[in-house]
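First chain A sits with chain B, and in the next complex the same chain sits with chain C.
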Partner chain A sequence: MEAGETGTRTYLGVPLYRPRVAFFEFSSCEGCQLQILNNESTLLDFLSLVDVVNFREAMTGGSDDYEIAFVEGSITRDDEVKRLKKIRKKAKTLVALGSCACFGGVNQLKNRFKDINKAKKEVYGRHPIDSEPVRTLEDIVKVDLKIYGCPVKKEEVEKIALHIAIGKSIVFPKYPVCMECKRNENICLFELGEPCLGPVTRAGCDSWCPNSRAGCWGCRGPADEPNMEQMKKIMEEYGFSEETIMDRLECFGGFSSLMGKGNTK
Partner chain B sequence: MKKTCNVNIKPLTRVEGHGNIRIKIKNGKLQEAKWEVVETPRFFEAILKGKKWDNAPWITGRICGICSIGHTLASIRAVENAFGIVPDEQTRKLRILLKHMETLQSHTLHLCFLVLPDFMNTGSVFPLIKTHGDVVLRAAKIKKLANDVCDCIGGRRMHPTRTVVGGFTMLPDKEELSGFSDRLKDITLDLMLVAELVKGFSLPDFSRETEFVSLKGVDDYPFIGGDMVSSDGVRMREEEYKKMTNEYMTDQSTSKWCRLSRDSFAVGALARLNNNFEFLHPAAKEMAEGFGLIPVNHNPFMNNIAQLVECIHVVKESIGLIDELLDSEFKESRQEVKAKRGIGVAAVEVPRGILYHSYEFDDNGKIVKCDCVIPTGQNHANIQHDLEGIAEEYAAQGKNDRELELLAAMLVRAYDPCISCSVH
Partner chain C sequence: MIFRTFEKQELKKLFEILAAHNRIIGPVETGRDRDGRPVYAFADVTDYDDVELKYSITKLPAKRFFLPFKEDLSTFRIENDTWQKEISYNVDRPLIFFGLHPCDINALNKLDKVLLHSVYPMPYYAAKRENMFIVGMDCIPQPYCFCRSMGSDTALHGFDMFITDLGSRYFVEILSNTAFNFLKNIKTSEPGEDDHVLYMKVVAKRNNEFTRHVDTTDLTKILDMEFQSEVWKEWGDKCLSCGTCSSVCPTCYCYGVDETVDIDLKGARKTKMLHSCNLIDFAEVAGGHNFRPGRENRLKYRYYHKHRGFVEAFEESLCVGCGRCGESCLADITVPEVIDSIRGSGRNK
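Here is the complex of A and B:
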């Protein structure tokens, strides 16, 4: 898209600067990028806010001249390391988009195999295949901003883009999903006999899963100062096994540094 | 006449995932035509090993952002088949409706956002916002409706939250559901207008005899479960999926490839339509005939048209499904799950073709073995053979690099490949 193609947006009557934005993906389901195209009613608004110059999933002929790089996915191969470093060099701001990029996402469950060759053998037999343990973007380069979620919330990405455009700082909720869940007046899942990581997971998704009567699996990683001990206690109190807790805590990688004993990593 | 061509597309754009195309023609003779898949594997089948059954739908849904609903439903069906759970009528209808709307969403994304630019001489849909705003808005309207229904039934349009083994954690609001009925009727017209536009395009005239594999309907167009058939006359049961896919490794791809009666076969909208034409809704059939799409059609570019035809089909069928659901009493019908040792296989038609999930469980419902065979994985070999065929044909015609590059890209794009999904 050429610059200025969609109408320029104003904020309090002042024309907004439209940053040149690029989207890139590494090992991922590409769902976080797709979320951008997936909210049809605000897509055009979003496009008036930023100047998308590179988006392989949606456009041919992308440009290498960009200011903000939204990077999705985790790093699992050497060519990805090189590509990521190149992007870092070009971008003023590098945003990790989604839990794969921030924590390794579901992909990092592969790291449970201490010997990666076992994982390779399980899937590919004796056929040689190139793959390394999963790393996050931050393991390789400096990350300026992280947007959590599997998938990310489109509204959040848009708000962040607007804040970048008007130079406003970005604050993420420090409190857990439970707060949003209570505000939404949901029946607590524990009362329904379902496990939930809401008490320790960072809010911002508007308690997406509990709103559907499904327990939180912690896709956004830990809230500030999460009380892990208490979380374990609640789980035990309601009769959930260590395994049930562990499945959820390790699912997206956000809690990996907080997981005590029993961490199979 | 130009006799030498060099095409090097790295990576192909406007598809999901990473793949490269390389074509070399020297003195009018094809030297090389290659479809390479370089996507990094994520090892889902290894990841699930040792995990309890309830992890399967939640995690495997993350194989693909575009067809997460299809993966989730396939995973759920495989687990249910292993544990002997049979979904009730209401659950079945809700699942089909949810799947239909994913199909509509995915086909529309592919046709209007990814393919359309090829026919309108732009690199992406973005410039079309200005030049063909009505078309883009129409596509966005169709997609939005499909996604809204997915939110309503699945809890979320991507990586659904309400779909679980045994049924749904929560049922859709009836009033909200009834509101979709009119919107679905309304977009039937929008789809007709898209069809009118597409009629104006000339699809490349290329055919190569192909074996088409899909589910086979009994009374209606198939989507979830049942027998598989091929246009070469093979018929198998869901549990026999391995014999239907015959996966093998190849050096040019991190995705496995498949074969059946020939060197390759095709799955997807065109395969479904070729094998199940009689079950299409009359309006969809009429549209297919209007495009000269009569089975068995061997032009891979017609997959685009088959998708459009399926859009009409799923919309028409969804209107009926919503009526039936509204007429019935909603009951909270989530079934209790009792894990047991065994193997469960599911075959589900997702937007890009037939998808298989298979799990083996131990006594505690832990996964001993997991296997997913992805539609695009089944198509790779066929894409390779088509690419050789088209390059050969056009080498003789003396196309230039630019023309051949566009054609090759359009060919692969017509399959609507979901590459990261195929490698998973």
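Here is the complex of A and C:
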């Protein structure tokens, strides 16, 4: 069956749609792409749903003829801007893959510094590289779909590919992580004396960190209409400093729109 | 009613007899909180020494064993253009609950009214509920429980046997043949006058230990009158809409259904997921309209279901007063305080 066409493979008699997809990365650790390759028990099923034509981490060569571009990473250089715009032009659908692409991710922490050179010097020492303040994909091009998480949850990406194939809508949870955390029967991290952003962070990760008794850092960004004011009060009540709260809220950039953009320190 | 007493060491024997051929769920310690206090949960137990009979309360109710957070209602095998539906009620053997407190037994009784004795019983619940053996156990009142105000501090039915600690030995109330027959395996005796006196003393002492109360007089009417009260907004401002109150509630049964297809396209499933009326998408319908977009509305309707709607339908509240929701709520929203504030809101006008 040709990629990008409806072919002989069907689900309950309805032909499947098998899109040509490409994976790209900008400033990031490429861990989100790795996640997709990580789960070998379902990898072949995943690959049969999509026709991967470009995936540097997984294959040699590659084609520029794709419909869906999964783009990981944030934008920190001019050449990245140009490349991203090119990808946008070619792709029918552009998917921001992971928190760097969606919110700037850990990289955007450097935007905290008033003087970016200070950060550059600290990181690169005597070997400076061109690096501008971090921007999200959406700051530069139109993004059609965002897949949150640092890293993304493999199962969520698989579900999205499946839904594209069978023509089912793609829905993310709107509620916070607490719901999944309780479902997993975890003891509340606050009860264990740990800070946690679970009450305001978008669910869908199956409370990945709290399951290992580690408080949530909000990598998936805010749930719909999070109660930030109450979250801050709770953190204070449980004795966590403002710095602890800010460290968590700023870590992945998902909450920046709720805290006033840009530098806070 | 049949009563017996038995020596304390006999309980271990009873446990072992029950455990020999059955799955037993009991209270165990799963960790310590930041203040060093034990955290309890209901879990599978095989060793009597793991059972914490003096447990305060479990964080989560026993609900997950008969109303799982996530349960497949049906699965589908897909071959070419056809499909085969398979239904399992997801129960393979009876469940024995060892050491349920009256609040949790009453919670089951309340759930029965909706899920067992209503026009449309839920077979997934019924299959588990009807294969259940319950050993009830008296509790130690906690500062946050207000079960006495909700009439749930004692259980009148819904268990097979109920054990009360008389100090030197156990007093047991027997409600089923099965319980009576099991008890034949351990040494019991007919309670005498002394035991009756002691039992009443123990119960009276426990009654005095309930410190949290809530006035539910005329509550259905007051809730109607105070539907527009400003107080709801105040509680709504605090609410995180995280759904924790429903997850830890022994009587919250609302759910959503997810239909998913397996990634190999060879199977599909319909999965029931317990939901919460406090979650933002609870009342969102096809097309995107949300009937309860505001936090205060969602919180309010949870109280209306528990303390008004259910009372009108079944003449009792859907709250047993266990206090789990208030204890687990990071925003410190507790049932007694919410109800008190609604009762008081009229007075402050």
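Here is the rule we go by: the second predicted complex is superposed on the first by the 243 of 265 C-alpha atoms of A that agree within 3 Å, B and C clash if a C-alpha of one lies under 4 Å from a C-alpha of the other, contacts with A are read in each partner's own complex, and residues count from 1 in each chain.
We adopt the following convention: a contact is a pair of C-beta atoms (placed from the backbone, for glycine too) under 8 Å apart; a residue touches a chain by one contact, two chains touch by 3 or more.
Since this is a predicted model, take the numbers as computed values, not measurements.
Student: Is A:45 in contact with chain B, with chain C, with both, or with neither (first, second, both, neither)?
Tutor: Only chain C is touched by A:45; chain B is not.
Student: In the overlay, work out which of chain B or chain C sits against more residues of chain A.
Tutor: After superposition, B is the partner touching more of chain A.
Student: Quick check on the superposed pair: does A:56 touch chain B, chain C, both, or neither? Answer first, second, both or neither.
Tutor: Only chain B; A:56 stays clear of chain C.
Student: Have a look at where A:117 lands relative to chain B and chain C in the superposition and call it first, second, both or neither.
Tutor: neither
Student: Once chain A of both complexes is superposed, is A:77 in touch with chain B (first), chain C (second), both, or neither?
Tutor: First partner only.
Student: Kindly classify A:231 by the partners it touches after superposition: chain B alone (first), chain C alone (second), both, or neither?
Tutor: second
Student: What is the contact status of A:212 with respect to chain B (first) and chain C (second): first, second, both, or neither?
Tutor: Touch partner of A:212: chain B, not chain C.
Student: Residues of chain A that sit at the chain B interface in one complex and at the chain C interface in the other, please.
Tutor: Looking at chain A, the two contact sets are disjoint.
Student: In the complex of these two chains, what residues of chain C are touching chain A?
Tutor: 30-31, 33-34, 39, 41, 59-60, 64, 69-70, 78, 81, 83, 237-244, 247-248, 260-261, 263-265, 274, 276, 279-281, 284, 295, 328, 330-331
Student: Quick check on the complex: what are the chain A residues that touch chain C?
Tutor: For chain A paired with chain C, touching residues are 10-13, 16, 42, 45-46, 49, 158-159, 162, 166, 168, 173-176, 178-179, 182-183, 185, 187-188, 190-193, 198-200, 223-227, 229-231, 233-234.
Student: How about chain B: which of its residues touch chain A in the complex?
Tutor: 11, 13-17, 40-43, 45-47, 49, 51-52, 54-55, 58-59, 62-66, 68, 109, 113-114, 117, 123-127, 129-130, 140-141, 143-144, 147, 155-159, 161-162, 164, 169-170, 249, 254, 409, 420-421
Student: Which chain A residues qualify as touching chain B in the complex?
Tutor: Those in contact with chain B are residues 1-2, 5-6, 26-35, 37-38, 40-41, 43-44, 47, 52, 55-62, 76-77, 80, 105-107, 109-110, 112-113, 118-120, 122-125, 127, 129, 131, 150-151, 208-209, 211-214, 217, 243-244, 247, 251.
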